[in-house]
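Below, chain A partners chain B and then partners chain C, in two separate complexes.
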Partner chain A sequence: MELMIESFPRLLNATLLTVELTLLSLFFGIFVGVFFAILRTSKSKILYYLSYYYSYVFRGTPLLVQIFIIYFGLGQVEWIRESFLWLVLKEPYSCAILAFTLNTGAYSSEIFRSAFETINKGVLEAAKGLGLNKINTFFKIKLPIAIKQSLPAYGNEMVLMLKGTSLASTVTLLDLTGVAKHIISTTFKPIEVFIVAGSIYLLMTFIIHNVIKILEKKYNY
Partner chain B sequence: MEFLYFGNTGWGDELFFATLMTIAVAVTAIFIGFFLAAIFATFKLSKSKILNFVGNFYTTVFRGVPELLVIYLLFFGGSGAVMYVAKIFGYDGYIEVNAFLTGAISIGIISGAYSTEVFRGAIQSISEGQFEASKVLGLRKKIYYYKIIIPQMLRLALPNISNVWQITLKDTSLISVTGLVEIMRQSYIAAGSTRDPLFFYSFAAVLYLLLTFLSLKLFNKLEKNYSRGF
Partner chain C sequence: MKNIFKLFLSSIAALMIMFSNAQSDSIRIGTEGAYPPWNSKDASGNLIGFEVELAKELCAIMKHDCTIVEQDWDGMIPGLIMRKFDAIMAGMSITDERLKTINFSRGYADEVASLGVMKGSSLEGMDTPESINLSKGNSKVLKTLTAALAGKTVGVQTATIHQNFLESGDVGKINIRTYKTQDEVNLDLVAGRIDVALAAAVAFTDYAEKSGKPVVLVGPTFAGGAFGNGVGVGIRKDDTKLLKDFNRAIKTASKKGIISKLAIKHFGFDASM
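Take a look at the complex of A and B:
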């Protein structure tokens, strides 16, 4: 019990990094996801397969492998170390965000793609009939419908990403899991630390679920 | 390519056995998960409020907490718990718990939380009429579960079980933190001694892709087999 109270401020402090990693990766991941979802609907075979294999590879391999390739692997290549990319790849923080972004981007591209695909043909014909141009059709009609369609699945993806950020601890970052592991390995009291850290994670999951619920209400028309 | 030679000069044989280890852990874990899911899915579907709560607590906690944290809990807590029990029986030394078991159990617990939801959903989507008809036919509970409900449930659950399997397979990479030599750990060792992390981690990615690809094929076959007559 004492340890739980003692470790709480440290774990809470580490939670900040977890939240930061999650939000940043999700934010960048949305753009990557929408981008590849649009490529998937493209008529060009090359763009289609580019998007297809991107999501296939990133969904078919563990996130841990992706982080390790980016953090340990890419640093070994000579020309990368001499290029501006090195600014991103030499820091574990930016490597973690890059890996998370690409990972969540792959999953969200699938979610957005299926959302775009379920849009009723009649709606698009109606838009054409009303004389809306391509950009207006996309932003005023396709996007809102797609957002509504993808919200439940995207909520799950947000939770998965939150859990995924725990892997940042494997590249020396001290996020919630990293600090929890450190406390466990110095005190050998795993249960107490697990309860505190686990509760913080569950609280964040709970918040995500509620935010999604509110958004679903908002987009429900 | 010489990195992948079999024998003393290359890492081919090591990586091959590491892949087998990954498969072994994943299969053990998913069956531990099925076992837990069978229990907790019945809890979730039961009429008792307490059992409902226990079932919900299990799925909420283990789907909401990072896998790595669960692994650390069992890795550091496991040997402590075993030593505690051993102490009661008068053994006062350090006992190290098998990394394979720790890994399989921790991934199994997580996988079980996902399977519970799959099983629950599948049972719920079997129409009420099937239960009633089996009762009217006077089938015993055991028989109608094994002959009527479970075959139908399997057909409905298979696509989702395939998803759980993919999650479980990928989660096994996290066990590498406990030192169990599976694909990830072996790549880490090889990368360290050859100073070529890019090659070995990329090769690990290829191995995982191969495993997910092959298992997807297998599940598609199973799905076809179980949808006969529908």
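Take a look at the complex of A and C:
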């Protein structure tokens, strides 16, 4: 119990990095996701398959493997270390963001794709009838409907991403899990420390859950 | 529905039998299998190395059945306490901090720590004595080290004496990155993500030899103080009989020259104590 109280401030401090990793990855991931979701509706076979295989590979392999390949794998290749890519890949922080973004981007693209597909043809014809051009149709009609449709599934993805950031500790980052492990390494008491860390994750999940609930209400028409 | 329930119950029963069979009378010895030449794995996944062979010798002397269990380094002491195994032989140094939680047998081998860098590093040619013992005053050497390490990123395996030393403040405030295994430390040293690393000297020389990468030792070798007093067998505090058995076996093995022979085979020099 004493250890739980003692470790709490340090864990809370580390939560900042966890939140940062989660929000940044989700932010970049939305753009990646929308981009590849649009490619999936493309008539070009190349663009379609590019998007298809991107999501296939990143959803079909464990996040841990992805972050290891990006961090330890690419770090072994000499020409990468000598190129401008090393600016991004040298730091564990940017490697983690890159891996998380590509991973959540793949899942998001599937969520957004299916949301776009649910849009009723009649709605689009009505938009055409009203004389809206393609860009206006996309931003005024398609996107709001897609957002509403994808909210429940996307909320799920946010929670998964939050928990996924715990893998940042495997590439030397001191996020919530990283600091928890660090405390355990000197106290040898995993149960107490992980209970505190787990509760903090649970609290964050609770917050995400409620934000999504509010948004769902807002977009309910 | 009733049948499904029965199936569920019987599968639980089957699982329980399976787990209870896994528990046997033999001594289970935990090792990491990722810290060559102390302990590691060959290409087909079998545990090998100095401690794996020594464990077999000690068990033969004790006339005990032994099984060697693999355990990640950061869960080693918790694993012992939770009775996943009964003894630790994993290049674990005997330190005051660990003695608060577990017991150690008498030491079976000496470990000296050293800094490792890539050839051509600015840290090469540091003006320090060949070795220092932290139990004695070394403020001058530590000052040299503090100046040399300022602004450098240092890699180290988590939960080690090496991490404790770097975090102790003896060499100032430095940028430390912690890794799960020594392998990962070596990879990032070669990649240039860290400027320097701290580990057992043999961990670097062994890696340099096997990988062909130009990793070299710099500065003094460290012993004493935070680095503890040799490597011993970690045993639960309440397991006094096993502790006695191991102490006696180590004494015998040492007298017979078994430990020296194994040390020379794996380290290239006699690290027995």
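The rule is simple: the second predicted complex is superposed on the first by the 221 of 221 C-alpha atoms of A that agree within 3 Å, B and C clash if a C-alpha of one lies under 4 Å from a C-alpha of the other, contacts with A are read in each partner's own complex, and residues count from 1 in each chain.
One rule holds for everything that comes next: contacts are C-beta pairs under 8 Å (C-beta built on N, C-alpha and C of every residue); 3 or more make two chains touch, one makes a residue touch a chain.
Predicted, not measured: the structure shown is a model, and the values here were computed from it.
Look at A:181: by the touch rule set out above, it reaches both chain B and chain C. By the touch criterion stated above, A:104 is placed in contact with neither chain B nor chain C. By the document's definition of touching, neither partner reaches A:55: not chain B, not chain C.
Looking at the shared chain after the overlay, A:159 reaches chain B, while chain C stays out of its contact range. When both complexes are overlaid on chain A, the residue A:150 reaches neither chain B nor chain C. Of the two partner chains placed around the shared chain by superposition, chain B is the only one that A:202 touches, whereas chain C remains out of contact.
When the shared chain is aligned, chain B and chain C each come close enough to touch A:72. Once the two complexes are overlaid on the shared chain, A:92 sits against chain C while remaining clear of chain B. When both complexes are overlaid on chain A, the residue A:190 reaches chain B and chain C alike. Taking chain A as the reference chain, the count of touched residues is higher for B when chain B and chain C are set side by side.
The residues of chain A shared by its contacts with chain B and with chain C are 72, 76, 170, 181, 184-185, 188, 190.
Put simply, chain A touches chain B in their complex at residues 56-57, 60-66, 68-69, 72-74, 76-77, 159, 162-167, 169-170, 177, 180-181, 184-185, 188, 190-191, 194, 197-198, 201-202, 205. Those residues of chain B that touch chain A in the complex are listed here as 60-61, 63-70, 72-73, 76-77, 80, 166, 170-174, 176-177, 184, 187-188, 191, 195-198, 201-202, 204-205, 208-209, 212-213. Interface residues of chain A, counted against chain C in their complex, comprise 72, 75-76, 81, 90-92, 170, 172, 181-182, 184-186, 188-190.
On the side of chain C, the complex with chain A involves touching residues 74-75, 77-78, 81, 97, 101, 155, 158-159, 163-164, 177-180, 184, 187-188, 190-193.
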